[in-house]
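Input: structures, listed below.
Each of the two complexes below includes chain A, the first together with chain B, the second together with chain C.
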Partner chain A sequence: MTRRAVVTGLGVLAPTGIGTKAYWAAALDGRSGLGPMTRMDPSGYPIKVIGEVRDFVPGDLLPSRVVVETALMTQYGLVCADEALRDGELDPGEQPEYEMSVVTANATGGAEFGQREMQNLYAKGPSQVGAYMAIAWFYAANSGQISIRHGMRGPSGVFITDQAGGLDCVGQARRVIRNGSTFALSGGTDSSFSPSGLVGQIPPGLVSLSTDPDRAYLPFDVAADGYTPGEGGAILLVEEAASAQARGVRPYGEIAGYATAFDPHPRTGRGPNLRRAIEGALADARTAPEDVDVVFADGYGVPRLDRLECEALAGVFGPRGVAVTVPKTATGRMYAAGPTVDLVAALLSLRHGVIPSTLNVTAVSPDCPVDLVLGDPREARVRTALVIARGYNGFNAAVVVKAVA
Partner chain B sequence: MSERRVVVTGIGVAAPGGLGVPAFWDTLMAGRSMTRRITHFDPSDFRCQVAAEIDFDPAANGLSPQEARRLDRAGQLALVASREALADSGLGTDALDPSRVGVSLGNAIGCTELMEREYVVLSDGGRKWLVDPEYAVPQLYDVMVPSSMAAEVAWTIGAEGPVALVSTGCTSGIDALGHGFELVREGSADVVLAAGTDAPVSPVTVACFDTLRAQSTANDDPEHACRPFDRDRKGLILGEGSAVMVFEELEHARRRGARVYCEVRGYASRANGYHMTGLKPDGREMAEAIRVALDQARLNPEDIDYINAHGSGTKQNDRHETAAFKASLGRHAYETPVSSIKSMIGHSLGAIGAIEVAACCLAIDNDAIPPTANLSTPDPECDLDYVPVTAREQRTDAVLSVGSGFGGFQSAIVVAAPERTYA
Partner chain C sequence: MDELTLDGLREIMRHCVGTGESVNLDGDIRDTAFTDLGYDSLAVLEVVTQVQGRLGVSIPDEALNDIETPGALVEYVASQKAGA
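After this line comes the complex of A and B, so read on.
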């Protein structure tokens, strides 16, 4: 019998709020976290609007010795992990150490930390590179630091599949639960707002250059012209279902289905595989399309990519066949963090029977035949939600979460 | 349903000492140390000035001009090794169902080498914090987000199944193989290119390891700078490279009459939950990973004919893993040859775990085991058989390979000779 994985704790840190409560309140109130760039002088850069996490004081939330040796992406992960454990009422010190795993995702590394030390190297010389560079900027730092902080010594991992990583790591968390772990802290975190990190996001030509925070990121809208980058993180406490029951902790939902599919190279002439990822996740969850109550769409905000997503959705659900929302219109695309934050929103929709809306979109494109939740949040009986993520170069992932009967 | 079994049907390697499997195996069997004074940049201002470098000409190794410009060195090495592994496997990519083919690529430090070169231009040599966007090259996003390399490898085989970059620091290579093994075993794919790649011989990474004082400073004797298990060891030496293996479901391989190098039998990883770089001397979590991997492989300690050690060349590591071998294998630890090929080809971070397993596959295939080079004065605290200096011919059916790395990750993988019943 396959061991089932449920989510019993949530931790979120987003431009709209630090902590699940703040994030969810902003999502239901329709408050945006997008705004003019303050992290650096924006005058030399074509990107003017981003989703920054504000009022984050790591020293208030983490020990100072940890703060000095970590990049922002890791601090976000540590703070979210703390919240998820509190929320799930789990004291890792009381659990078997090898039955607790940590599986994270990240896309851009510790961009600001890395640039600072790179500048030390080139402006001052090799001996001036800080002692923590070696353990702070790289992609494994997040899983490593979380594992060390909580003594979680089970099978762990770090996945990089650009933005799809925020779901791929949760798929892997479910795999380690199936293979024997009882708990897994899992999710994506990213922060790429240093000057070189920002400049790296320009060349693909997918970021909106709008100066108006309310008109910059408009997925599925006739006026869509790119996405707004954001930063943040989310960590889920994933738990084996029987353990949650024995502990008397009420799950937010079950990770019922997961699938991933990679796109062929464009020169092959073969089409993209997003639809296959969606169908795979539904099949894995033994769920028919008509049983899905809401889709948390990827919503790239790039007309060509929006159209492809709508074709996949229409293919599976029929045109306007399911409620679709993109709450990351309030946060920007937070790279590997984004899809995990969407999972949090999906799980909260299951719990509270309400779907957060898509901000700022006013005129859905005729190319995008989707039932987009606009304006006020939509009250609905939500038993099953689908979350979709895509990453640059052709990564597709989908997760189905279900209310636990 | 009977359990799906996973076999290795193709190998490609790019490592110091030569590109391609034959050159790689020659280097190991000859016990040739490939560490030398760094030539990729002028290392005079660095504490450590030695690395194991590959003499690599992208064009001569089949990369197109666009591939050569677009890709970081780590990506270039991965493409060359992927193409070799594919050709070796005899898989016709046209005959594959793309949705059943995956990629699991291990890599610790992304596209650092190209990232650093581009940073130098963007910042005008470190003068500008607010770097110049007009100097951004078209591939800058791919350089920043290294899943681009997994995508490149996927395009070589036409993979449209699960594709991911696995980045657990110095165990990335072995963990990527473990992930590929799980994908095939659980039925998510029939064929996975399981691989590792890294190219860390650039100023920023050498400076990082300098600050940790983890590298050997035997700058006046580069060839003998990496001395795992030797009393006079001074630290690790960075290397670069890539290894790619074709992991294939046994029946899939049998149906097409593929040549089988060996079977992947078990894999496990544990975290020490202790320190980002420090290791406790008892090797406890590595021992646990070894025990679980052996269990999964349904093998006893006595079945293991050879251990490919992490053997990075630091005192902390040598004692840590020696303790782990004793704790997990008991008395058999004293009877099992253990060697570190890092003594010859250096520590290529997220690549080396895959390169070491490639060496294990070849050890089984050739019934021979590579030595630990430069081991002339054994550390009395390390009292196992570390196969000093000279390769050995011996029957090799089951092999254990381990890795240990930043973040506290400890991993173990077991590969074994194909059983006669396969035929």
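After this line comes the complex of A and C, so read on.
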């Protein structure tokens, strides 16, 4: 019999709040974390509105030795991992170290750390580049540091599949559970708000240049004009179902289905593969479209990409065939962190019977035939939720979570 | 900084490289191995980078093999300064 993977702990760090409780309260209250850029002087950049994590003091939450050797993306991951373990009432020190895995995702690396050391290199010379440059900027630093901190030495890894990574890593976490791990900490974290990190986001031309935090990121809206970048993280404690039952910990839900699909090269003339990812995840979960209660959409906020997502949704569920929401309008697109934060919201929707709404969107485009949850949160019996993620240039992933009977 | 004292090194370790959760740098650390103080090889490299920048001395990577304690690092810097 296949070992089942359930989620027993949540950790979140978002522009709307530090900690799951703060994040969820803001999502239900409709509070936004988007605002004018304060992390650096915005005058030299066309991007004016971003989703910054505020009031994060790493030294209050982590040992100073760890703080100096980590970029913000890793500090977010460590803090989220701590919260997920607390929430799941798990002391890793009491568990066999090779039965605990760490699978994370990251898209933009330790941008601010890398930039600082590159500046040291050019301004002061090679001898003044910090030793931690060797490990801190790298995407895999998050899995490594979480593994070291908690002595979790089971099969581990990292996904670098842009925003889709936030789901791909959870799919892999389920796989390592099936293959024998009892626990896996899994999720995405990203922080790219340094000058070099921000500049890298400009050329694709997908970021909104709006100066109004309430009008910058409007997926599916007639006024959609690009997305707003955000930062943050979410880590889930994924656990083998029988272990959770034996420990007496109530799961938020089961990772019931997962699929990933990469787009064909545009030269081939074949369309994108988002629908294949969605149908693959549903088939994997042995779930019919009509049994899905809510979709946490990718919601790029770019009209062309919004239309593609709506076509895929209409193809699977029929036009306006399922409730759809994009709570990340309140946080911005947090790259690898975004879809894991959506998974947290989906799991909390299962638990609390309420779907957070899509903040700021008011006029859904006629090109987008979706039943978008707008205004107040929608109370609903949620037993099955689908989370969708797309990354830049062709990544697609989908995860189905289900309430545990 | 003209010379590296043990207290000077202590400050560099504490404020530039940080301390672990259960590490006390206040005691007599002169002959305690860096590893026992919670400083792995990369952390020692970071300490040395900071020391080089502040003292204007050069500490080649090969020399690090013999520098296992704060006391050994202080002595090495003093000998470099004396030789300069």
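Criterion: the second predicted complex is superposed on the first by the 405 of 405 C-alpha atoms of A that agree within 3 Å, B and C clash if a C-alpha of one lies under 4 Å from a C-alpha of the other, contacts with A are read in each partner's own complex, and residues count from 1 in each chain.
Criterion: contacts are C-beta pairs under 8 Å (C-beta built on N, C-alpha and C of every residue); 3 or more make two chains touch, one makes a residue touch a chain.
Bear in mind the structure is a predicted one, so any value in this text is a computation, not a measurement.
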| item | value |
| --- | --- |
| Partner chain(s) touched by A:186 [first = chain B, second = chain C, both, neither] | neither |
| Chain B versus chain C as contact partner of A:134, first or second or both or neither | both |
| First (chain B), second (chain C), both or neither touched by A:147 | first |
| First (chain B), second (chain C), both or neither touched by A:197 | first |
| Chain B versus chain C as contact partner of A:69, first or second or both or neither | both |
| Winner by number of chain A residues touched, once chain B and chain C are compared | B |
| Which of chain B and chain C A:325 touches, first, second, both or neither | neither |
| Contact residues of chain A, present in both the chain B and the chain C interface | 69, 127, 129-131, 134-135 |
| Chain C contact footprint on chain A (complex, rising order) | 63-69, 124, 127-132, 134-135 |
| Chain B residues within the chain A interface of the complex | 45-47, 98-99, 102-103, 108-110, 116, 119-120, 122-123, 125-127, 129-133, 136-148, 150-151, 154-155, 158-169, 172, 175, 179, 182, 186, 203-204, 206-212, 268-277, 285, 288, 405-409 |
| In the complex with chain A, residue positions of chain C that touch it | 14, 16-21, 23, 38-39, 42-43, 45-46, 48-49, 52-53, 58 |
| Chain A residues within the chain B interface of the complex | 40-41, 44-46, 69, 97-98, 102, 106-109, 111, 115, 117-119, 121-123, 125-127, 129-131, 133-135, 138-141, 143-145, 147-148, 150-162, 165, 168, 172, 175, 179, 192, 195-197, 199-204, 260-265, 268, 270, 273, 276, 335, 391-395 |
